[in-house]
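Some structures are shown below for you to check.
Shared between the two complexes below is subunit A, which has subunit B as its partner in the first and subunit C in the second.
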Partner chain A sequence: MSSNKTHHGPVCLSGRGVTKVYGFGSRKTVAVDHVDFDFYEGEIVSIVGESGSGKTTLAKMLLGLTSVTEGQIYYQGKPRDIRTRKKKKEYWTNVQAIFQDPFSSFNVFSKIDTVLLDCINMRGGRHLPRDKKIELMTEACSFVNLKFEELTNKYPFELSGGQMQRLMIARIFLLKPKVLLADEPTSMIDACSRATILDMLMNLRKETGMTIIFITHDIGLAYYVSDSVYIMEQGKIVEYGSADEVILNPKTYNTKRLISDVPKIYEVWDLSTV
Partner chain B sequence: MKNIFYQIFHSQKFVAGFSILMIILLILFIYPLIFPGDPLQMIGLSSFSKPGIYVSVYDAIDSEPSTMKLPDADVKRLMKKLSNEDRLAMKEWLVATGTPEDVIDILDTDGLLKLWKDSYDPSLKPEGMTLAKRNYYKRLNASLEKAFDYSRIIIATKDEETGELNEEKTVSSNDYININDVANVVYLPLGTDNFGADVAKKLVSAAKTSIMIGLIAGSIATFIGLTFGLLAGYVGGIVDDFIMFITNLFTVIPGFILLILISYGIDQDKRGAAVVALVIGVTSWTWTARSVRSQVLSLRNRDHVNLSKLSGHGLARIILTDILPYIASYVVMALILQISTAILAEAQLSMLGLGPKTTERPTLGLMMNWAMLYSAHTHGYWWAYFPVLLFIALISFSLNLMNTGLDQVFNPTLRD
Partner chain C sequence: MGKTILEVKDLTTKYITRFREDVYAVDHVSLSLEEGKSLGIAGESGCGKSTLALSLMGYYFPPLHYVSGEIIIDGKNISKMDPDTIRKNILGKEIAYIPQAAMNALNPTQRIISFIEDVIHAHYPEMSRKEIYESARKRFEELNLSPAVLEKYPVELSGGMKQRTVIAISTILSPKVLIADEPSSALDVTSQKMVIRMLKNLMEKGYIKSMIFITHELPLLYNVTDDIMVMYAGQIVEKSTAKDMIFDPIHPYSKGLMGSIIVPEAGARNTKLTAIPGTPPNLKKPPAGCRFAERCKYAFNECKANAVGLKDFDEGRSYRCLIDSARLREVYKNEQQ
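Entry: the complex of A and B
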């Protein structure tokens, strides 16, 4: 796939002919249909589409949570290999995710400390002294404006939706992955928290230089935050390019429709500070 | 967690079931403390003695009597003597000899006897009455007259050599003895069974064994079902196919027939309570496996499981921390139901004579089996089988009630 973008570094994640088929025979559903893409290091990419367009399935395949029916995903130029548990773990230290629904993203039976400690362990901090771990967790929490002292021995469901999503970002802060897949991270929380959370994600990116892949149905959001945009429709990528290119000069009917659906308020919402 | 317990113990159905079970368990533990002894000991040389308190006649004679004059003592004595049939026969005679029918009350012993004394005459020959019938009335009259004869009864010992009877003691109709002075008194609240064993003691011991069998079999079934269900549901693929193949195999063969065949295959000598529990457990895990699998299938794609995977957790940890706690309530309910099913299965097996061997310890099913073999139900020896039935029904009912109560707590759509 050729791209006429100029600013990007080396390719981080890419895919050729990536396909996902659910079921077989007469009940066959093609969720993602021969999709090609290149995500560059340090870029913010948005995958925009309606519900059922296959964007979440694509995200799950990128994360390695679902198998790829056909095609190949490349990670840092090499075909991705996550067949063994060790390799999977290694892949997941580099590729992480934030899920849509913060309320169902945490195990209600494990404490917040456990969630954060798991991240430290995964980053190879298993043998760090106890106070060092606490220091790391406190740092992560203060990055997302949470107080670690108040969170210890609490369960995730005792927090509000916005706080939970911030905790999710604290996880990412500790893990410092190279790629972050954010699957509609702001669609389940209120508008005030939405800006805060986007703000935090942008700050985190500035610090770590990671690639962020936004999965969203909100093309307005995509326009303001992303460098490049992929539009998906019925499992296919129908349009892609830099954000300006795609959104200011939409080519397909579907893209035009997505753009016309954006509430006008976004035009006054200034994200230039980000 | 505290909230869940609060909800559980505010569910009326659960509390009702729990109370019944606790009362039964309390009886099972307290009864042997009050009446210790081997439940299988054959105390009765005759079988199926009625429930009641048995006083040794031999010891009663030895005890020192106190004299009491009770106003209704004679009437009571007569009441015991006069069976219902006799009363009806007496009424028939009275009607035949011209007493108006509405004056006669056969339940009023005193009045009936007065009428009888006034109107009975052995020389009368009411019309249509056979000789045999008239003789029956003569015998009845004689026995009634004997009952009014309050002479003393003499107790004598026989001289071995001369054959002479020496008067030892006389017993008058006004002599009473204190039951506490009698050396040997046996309390048989539920009588004796065909072996002459105390049914109450046996029942308590049997219920304990049956509940133990239920617990062991239920735990085994739940453990196997849970393991298979978790693996099939979470791992999926070929593991799922294989486990579901075996599960379907066990499901399509009727469980009870399988149970009968396996029990039949094991020698009677080797068939202890534990072996029967094992057999029941190994054959009844299938539906737990199926339902756990379907629960896991809906859980495995939840975000918290995905997050756990992304945090680098392995299969065992995900199953134990991210799946098992979410279905724990369901598993507890399944366990309760499995225990109840296992108790019933043991009773069914034992009724067919395929239960545990009979010489060691009784079970509820075995008691039913023996009661049936000795035709207790056709002879009206209700105490040999009815309390057993009641125990099985109550245990099973209480467990099912607890299960329904839990279901309503954990599944809010079922609340009424």
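Entry: the complex of A and C
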């Protein structure tokens, strides 16, 4: 189980006044509005909000997929610099992501061995002997409870959604980035595989000590996996703190509503408050 | 006891793959639904929930084929009707279906009102466009949807709004049975709640008489439906009331499903999630014995040898397992300690 750490490691990824504006003039939309955050090393952080609250835009900025309109993102204490292609590549060896839709995260033309081999090559294992590479791939697959022998010579579309998402985690296990952004990794798969994926993310943190940023709309999942929670609403961070603090004693109206929207078992689900 | 609206007896349907293999995705399923009641169907992906929903409509198109069994809606046996009669007289009026990705089903070049015109015009050709508009506006207002939506194109609506619009369109003829196939799986929790409230609203106002709700989220079923049916590999493995299913699951598979529930309540962090190991069996060659035996930790030799039938226990509950219900309860109790 995730433990509540009282002392933090050094700050891994942080942002000051991060803003993203789409469009200009009268059609301006402020997707992320002057957001400050500190993500510590080896921590699982959740960003929770309903759709349209700017979670995914924030994730895209953290990954460097869209530019930051205003403000600065700091990576390991220094302002992040991804202006050239080379620097961007270097940044991406340390910051990786798992996306929402497992069916569109893979190249449909490459076999699963190729997907995993690419990860080994990216981590500087290009000149390893063949046996060693296979051993590494088998280890990664067994970490996510898949059998490598069954996967060789298969294409991604031959797997189920849950298997694909687990393969995505196997990729991350081989790449060993410093930061992992998981953008709703469990929203497209069913409830039984969901528990497995969440447990694997927690194991990954235990094994490699990476920072995991978990983006979700379901505050129940956030409570289960994370050490600290950020609540977003209309581009702003309205509440943050440790998971127990935020979810058991919510202070803002938005947090209370997010909690009440999750279907409950042990108390009556109030349908009138929508 | 209310009037039985939908009765299904031993329904079996199969898919024929392009290699001429038979896949029995719905295998001898029986159920009955009373007026004013709702039934939830739960299970993993690939266990035949959606195929059951398609089969219940009686409207088959390849690769899905009808094999045997009866579907009786309000006294009418629709399982042997020809497809044209079903399309004209049954679909929409008697039984309505909301598919899984309902919000992507709207043609982007049409306004919402033209979908409603299509539906009503097909069943009541004598109604004028003005009358149709008036009735649609009235229905939308009663369901707390803004009538302005009628004039909009699908791209102008948000995901949750589209989903609610689709539900309103498919229930515009007040069908007797509504089959909702994962209506909220692609939505965030807030929109999900709105969809659920709308479905409850439809039931309360009497626009639909009964509902079948398919999902893999058990907490949702507990809050929405009266009864829950758990499916595994095309078969029903347990049937009981929602409360009994959540607090006292008997079949090892239902117990496993219950173990994967995550809710934001105090103490949830310290309960270990018990995911079920393994994957469902390949239905092209289903195992001879109990279909869950491969993944069941209580399985013994006999489980794998002989097929297991559905048997009743307590009042109104049934399950499919060789082990006695009292014995299973004892085992679960010991495990908890």
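Assume the second predicted complex is superposed on the first by the 258 of 274 C-alpha atoms of A that agree within 3 Å, B and C clash if a C-alpha of one lies under 4 Å from a C-alpha of the other, contacts with A are read in each partner's own complex, and residues count from 1 in each chain.
Convention: contacts are C-beta pairs under 8 Å (C-beta built on N, C-alpha and C of every residue); 3 or more make two chains touch, one makes a residue touch a chain.
Predicted model, so just to flag it, every value in this text is computed and none were measured.
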Item to complete: See if subunit A has more residues touched by subunit B or by subunit C, and give me that chain.
Response: C
Worksheet item: In the superposed arrangement, does A:Arg194 touch subunit B (first), subunit C (second), both or neither?
Response: second
Practice prompt. With the two complexes superposed on chain A, say which partner A:Tyr74 touches: subunit B (first), subunit C (second), both, or neither.
Written response: neither
Worksheet item: Should A:Phe109 be classified as contacting the first partner (subunit B), the second (subunit C), both, or neither?
Response: first
Worksheet item: Thinking of the overlay built on chain A, is A:Leu65 touched by subunit B (first), by subunit C (second), by both, or by neither?
Response: first
Practice prompt. May I ask you to decide whether A:Tyr155 touches subunit B, subunit C, both, or neither, giving the answer as first, second, both or neither?
Written response: neither
Item to complete: Applying the touch criterion given at the start, work out whether A:Ile219 contacts subunit B, subunit C, both or neither, answering first, second, both or neither.
Response: second
Discussion item. For a test of understanding, state which residues of subunit A touch subunit B in their complex under the given definition.
Written reply: 63, 65, 85, 89, 92-93, 96-97, 99-101, 104-110, 115, 118-119, 121-122
Discussion item. Can you tell me which positions in subunit B touch subunit A when the two form their complex?
Written reply: 302-304, 306-314, 321-322, 325-326
Response to the item:
Listed in rising order, subunit C residues that touch subunit A in their complex are 44-46, 158-160, 186-194, 196-197, 200, 216-220, 222-223, 246, 256-257, 259-266, 268-270, 272-277, 279
Discussion item. Looking at the complex, which residues from subunit A come into contact with subunit C?
Written reply: 1-2, 50-52, 145, 160-162, 187, 189-196, 198-199, 217-224, 243-244, 247-248, 257-259, 261-267, 269, 271, 274
